[in-house]
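Dropping the structure in here first, questions after.
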Amino acid sequence: MCRWMAYSGSPIPVSELLLTPKHSLIDQSLHSTMGATTTNGDGFGLGWYGIGDTPGVFHSMEPAWNDRNLADLSRHLVSPLVFAHVRASTGGAIQQTNCHPFRYRNWLWMHNGLIREFATVKRDLAFAVDPSLYPLIEGSTDSELFFYLALTMGLQDDPLTAVERTVGLIEDTGHAHGVPDPIQMTVATTDGTSIWAFRYSSEGVSRSLFHSTNIAMLRQMYPENSLLHEVSEETRLIVSEPLGFGSVTGNPLASTQARLPAS
Amino acid sequence: MCRWMAYSGSPIPVSELLLTPKHSLIDQSLHSTMGATTTNGDGFGLGWYGIGDTPGVFHSMEPAWNDRNLADLSRHLVSPLVFAHVRASTGGAIQQTNCHPFRYRNWLWMHNGLIREFATVKRDLAFAVDPSLYPLIEGSTDSELFFYLALTMGLQDDPLTAVERTVGLIEDTGHAHGVPDPIQMTVATTDGTSIWAFRYSSEGVSRSLFHSTNIAMLRQMYPENSLLHEVSEETRLIVSEPLGFGSVTGNPLASTQARLPAS
Amino acid sequence: MCRWMAYSGSPIPVSELLLTPKHSLIDQSLHSTMGATTTNGDGFGLGWYGIGDTPGVFHSMEPAWNDRNLADLSRHLVSPLVFAHVRASTGGAIQQTNCHPFRYRNWLWMHNGLIREFATVKRDLAFAVDPSLYPLIEGSTDSELFFYLALTMGLQDDPLTAVERTVGLIEDTGHAHGVPDPIQMTVATTDGTSIWAFRYSSEGVSRSLFHSTNIAMLRQMYPENSLLHEVSEETRLIVSEPLGFGSVTGNPLASTQARLPAS
Amino acid sequence: MCRWMAYSGSPIPVSELLLTPKHSLIDQSLHSTMGATTTNGDGFGLGWYGIGDTPGVFHSMEPAWNDRNLADLSRHLVSPLVFAHVRASTGGAIQQTNCHPFRYRNWLWMHNGLIREFATVKRDLAFAVDPSLYPLIEGSTDSELFFYLALTMGLQDDPLTAVERTVGLIEDTGHAHGVPDPIQMTVATTDGTSIWAFRYSSEGVSRSLFHSTNIAMLRQMYPENSLLHEVSEETRLIVSEPLGFGSVTGNPLASTQARLPAS
């Protein structure tokens, strides 16, 4: 329903991630080949770390492919850790507060997938959010509520356990309401230092997700790609679909959590 | 914080209400003289009854004064019952789902004022909304939650009692959290046949509200105003501020409910 | 590059044209099957005749498929003559002044196609516009300039000749600058009484265009379609792609002008 | 009609200019005290120099006071040369292509004021733009056309002479059409190294403009302002209205050109 990418490594202009690759995330907003929908034109979001303690966030209701501000900003922002997301709404309103990545303090969160029959389970899930966090929910999406549940479950202390417990709560709540296969997800979250990525679905058929494991191998495969040769050994990329400047690894993530060291 | 107007009577082009008067609601979006803020530029909303069972709603994030779609639509829509609202946000996001009037089936609702320390009481109030209505809340405003509470309290059966009970709940909840003067409000609601308007504040100093009681008197006072001479005897207007084509009645509403017969 | 439809006949809610058909124009904004591009998400426009001398126009920068105002308005507007257009930009800015249909007094104009190498010929064409019309050009598209050239050439007096002369001017100007195949077009224009539709391309391979010639035949072919049975004998529909509730006629327009009687 | 500010000096977060000052440009968008209009809510623009040869530009149709992207970006962008502008339209469409600052290669341009009776003189002025520059005009404002005329007159080689000649052309063209007092302006332009600011009006009563001449004096006057103590000696600020963290100099610019050395 959406497409996203997460980058961690040598500081680079965001445009190298968003604009330059042949099958960039912006191209995927118009021509996704592996997503549940071809068009991801219901808004866009960018999160990046730079100056200050909290990441910057840019949210737009417009399709990414023609957003001039996005194109201009991405050429002028340099960052070592970038989240970007193109949205295909499953019914929720098109508004900036429904755009990913969501931010809480130094954390970012983005999600591809859905909580099934969300209208049925929304109230129960909303009241499971910590009362001090509840008023911070601004939009109407399952993805943002998922984030605040994970924060409630201890995301800031132990992301793996928190997401695992949150998924368990969502599945239990769904099952209590008779919802089959309550969740479908790929998720990325970061505290500005590490990135955690998750791929899971109640029915066992999860959305695509790819991650780079070995920059040296990529350089060998794509000797003409200058970006790959300039970034550090620790650079990592996690994407819903390969960007086409080198198909990342071609290995879809298993339905488990991947913890990436970040620069 | 906002300005609104409600019209009921002979079907007229909406532009006669929004554009033609000297101190129209659109003018008030830029130059409010009696509101808590001079500028009401944080979105706009129009609700009107015409064909079909439910009213039409047009919501815009743009300031009303320069919204060409609004100007054009208002010249082409004819309606016997119109709600219009210009917003001055007290912090909530600028998005269409935060624009008044809010709609549920054949009902419309709009509000000027605020629920004080909303972040403190929001969760308790949201929990009081009927579970079947809860997932319909799309925005993040106090005003929309107020509407769904009133629906929960029986707005569709007995508006006066429902609003009274809702205000009581909001005050009780506020007091339980130590919030002084929990609510400040003028509200208009309609089922498409009647309009109910309310003016109240916990501290006893309510926002301005005016209503016309006697079209004959207005005609005598403003003989040059052709609109006033064409509409029926039952035509009524309720406004945050007089529109300047005849100062409505000049009598602010008491802090009580007014029920208007509608055509 | 775009898709459009023009309706003339019995007054109907605009939603019957935009929302109800299986392959409606809104569906075509996301899944065009016969257009130069699959996605037509770079804005939307609606023009309709109702009260007053000039048509109403609603322009939106957002993709049509998720525009709630558009969905709501279309359910509440009843009109005997409707133009609607979804845009796929060929580079021009996404802004309301670049959305079709364009309006001048009682006239509307919409265009699918392009003036080739527009940057090269724009200045020469702009200065061929009547000086009294020139300052009314608000956007940056080839399509709007094409309209003002046609007005300059006498569109209001003799549409067929004016469009023919304008196409000639565009081709001459293009050839003078060495532009091969200067124009590709389907165009619809109306004065509120008649609709004129044109299909032409310099290279002789024009964009798709369909029109209904015989409502009786359509009724026979699609006995289950209630809309077709309620409208008058004179009702006509011209579309870039069949709407799928009855494939209109299946006969693409010849590269000639079609003049339709309007109710 | 608008308000703007130009900053040149030590690299600082843009938020120090836009958000921190008491009477910041964002505050002026809502409460201008010295402008022709109190509200400057018809769009916003930011231009800044950083990486790359051309400046970044962020244009928004929304009022600056509630634009969350603007607030977020300004906290994450650090720049030694910043242009910012809040718009109050004098009739032109609210669209990004009408937002200042305008950009051509490494140059930025912004304007407060107007070319009087623009519809009357627009065509003649547009005709005077160099044919190679003409197709780059994207919006419909007098200010953008003014910029392209100045580029035509040699802005990149000799800004003072080019602006002087352009103002002369605008006045001559206005007078030829019987327009009294053809131009009212404050203008700032930059090539990324120097800033040139102009204040002029045909009638001799120009819009307010202030510039800082001596950072040492400002530090003495406002010992508590930490920003003023951190920036270099060469830092300069030019503003439509003082920002209120130190009233800049209090000396309005004479109706002449001021050339500022930039860091």
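In this document, chain identifiers A, B, C and D correspond to the written order of the chains, with residue numbering beginning at 1 in each.
As a convention for this text, a contact is a pair of C-beta atoms (placed from the backbone, for glycine too) under 8 Å apart; a residue touches a chain by one contact, two chains touch by 3 or more.
Being a predicted model, the structure only gives us computed values, none of them experimental.
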| item | value |
| --- | --- |
| Common touching chains of chain B and chain A | C, D |
| Computed distance of Cα centres, chain D from chain B, in Å | 39 |
| Chain B-chain C separation of Cα centroids, rounded to whole Å | 38 |
| Touching two or more other chains - residue numbers and ranges from chain A | 68, 93, 96 |
| Overall pattern in which the protein chains touch one another (line/ring/star/complete/other) | complete |
| Partner chain A, residues of chain C touching it in the complex | 30, 38-39, 41-42, 61-63, 66, 68, 89, 93-94 |
| Chain A - residues contacting chain B, complex | 92-93, 95-97, 118-120, 122-123, 126-127, 131, 134-135, 137-140 |
| Complex interface listing, chain D residues touching chain A | 13, 48, 50-52, 56-60, 68-69, 72-73, 75-78, 96 |
